[in-house]
Amino acid sequence: MLTIETLLPSDRDAWERLFRGYIEFYERTLPDAEYDRAWRRFQAGTAIHARGARDGDRLVGIAHFLIHPHTNAADVCYLQDLFTDRASRGRGVGRALIEHVANWAREHGCGQLYWRTHASNTTARVLYDQVAEHRGFIVYQRDL
Amino acid sequence: MLTIETLLPSDRDAWERLFRGYIEFYERTLPDAEYDRAWRRFQAGTAIHARGARDGDRLVGIAHFLIHPHTNAADVCYLQDLFTDRASRGRGVGRALIEHVANWAREHGCGQLYWRTHASNTTARVLYDQVAEHRGFIVYQRDL
Amino acid sequence: MLTIETLLPSDRDAWERLFRGYIEFYERTLPDAEYDRAWRRFQAGTAIHARGARDGDRLVGIAHFLIHPHTNAADVCYLQDLFTDRASRGRGVGRALIEHVANWAREHGCGQLYWRTHASNTTARVLYDQVAEHRGFIVYQRDL
Amino acid sequence: MLTIETLLPSDRDAWERLFRGYIEFYERTLPDAEYDRAWRRFQAGTAIHARGARDGDRLVGIAHFLIHPHTNAADVCYLQDLFTDRASRGRGVGRALIEHVANWAREHGCGQLYWRTHASNTTARVLYDQVAEHRGFIVYQRDL
């Protein structure tokens, strides 16, 4: 049975394993201190938010998200990070996390939920095409 | 001579004309009240921010942007709306606005500036490819 | 047991059902005469070629392909149409057809096999990403 | 004055310089023998075809193209290579070559002209969006 819940202090290690898997998927590395900082902010739950997917007592997926303003509509919710444990793929973990965040965002007055993915990530996009839409928008970024 | 400045109360009408041009470019419409609400928030300058490009005393371009948190890095700046008056295209207005916002974001502690565009908007992308990078990320969205 | 074979005169009706499914997938329609013309050309097997995937005695998939010259390399093989019966999806029919055509093309001196798909066809792309590469090239076309 | 013509034996060197520029643009290299082979085939004009854009007596652009069959429509023309001398950019050379090939293809019974470009080649795409359409199709390829 899959449940989606806030993360408890006892989830700290399991959460970090999953978040490291996510960071590695995009071939990035983070200083250890960033994991500490992120965890503290998730526990505070003011600026950024996290949820975990639990299969029995095992943490098998995570979602990180935040709300930000919009210049011409209601606030929007950005689902920044989403990751499912490799061993738990194909069982609806990602979908359950997305639906949970969508409900949470709606209850918090958001008019839209969005996220990014790499165009080449076709496996994830099969799911994303079922629960959301790619309307042709792409991201340009510049490190400052 | 092109200057980039905050918008003054006297820019209200010229700003709305430009913002309407932007909204129409993406084939959307906004209730009039949304223009009022956006303007008030830009004048407050807390959640969302605006700058105008002035050619002499004429407003020829606008940029709307905001800062939001990031789960594993410094805050980021989202340049949500960027528009240049049709008659002033090709004279560096968009580029000047982007550079201004990039500097502002850096001074405000942001580690990244980003924006979206439609993949088919190749004219704008010629500029964007010069001042930023499309690293292959695309947007999925879901109205709530 | 799946086998890939040339199409026999007795496959005419089953082939047309599949090809119609393919044409409908891309929301197109063809005059009936085009099905006749295509079939005759496939039976001739000079300019364009076809193979069928058979599951027992049932035709469950089709591939249409052709060889054309290349300005600076060996000839290339264009897999123009590929379709699997809806009821037989997920059982390797598409993959088996692609592998068969790739072998055939290699034996006929081709240096490359290629095909097109719509960028939004993420379900098919999960397979395509396993057997080939999207190297970032997109198609521009103009009806004459 | 820009004219589009078949390539003459006296164009051999100028043509190779342009074709090398094209090959380098895509970060590829070709053995010298491939240039010889391509030239001989263009001079024969049976399987593959070439045209040059001449500005006065200077060759400033080239187009290479071919016709191939289609499984369910008239033959199609593939514009495989298109290149304009760097010093002659922005003067309509590419557009003139495309229009010439489109006319030629129509006269030779083709129902469509198409070509590929890399999605990131936004400069070229500004022109392509004016003379043709990207209908969302992307290319998958596999070396044999």
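Letters are used for the chains, namely A, B, C and D, taken in the order the chains are written, and counting of residues starts over at 1 for each.
Note that a contact is a pair of C-beta atoms (placed from the backbone, for glycine too) under 8 Å apart; a residue touches a chain by one contact, two chains touch by 3 or more.
Everything numeric here is computed off the predicted structure, so don't read it as measured data.
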Centroid comparison with chain B (C-alpha atoms), farthest chain: C
Copy pair chain C, chain D: interface residue numbering same or different (half cut): same
Centre distance in Å when chain A and chain D are each reduced to the mean of their C-alpha atoms: 45
Centre-of-Cα separation between chain D and chain C, whole angstrom: 26
Whole-Å gap between the CA centroids of chain A and chain C: 38
Residue list for chain A, restricted to those that touch at least two other chains: 119-120, 128, 134
Arrangement of touching chains [line / ring / star / complete / other]: ring
Pairs of chains satisfying the touch condition: A-B, A-C, B-D, C-D
Chain C contact footprint on chain D (complex, rising order): 19, 23, 30, 34, 38, 41, 47-48, 64, 66, 68-73, 77-78, 80-81, 102, 105-106, 110-120, 128, 131-144
Partner chain B, residues of chain D touching it in the complex: 119-120, 122-123, 125-126, 128-129, 134
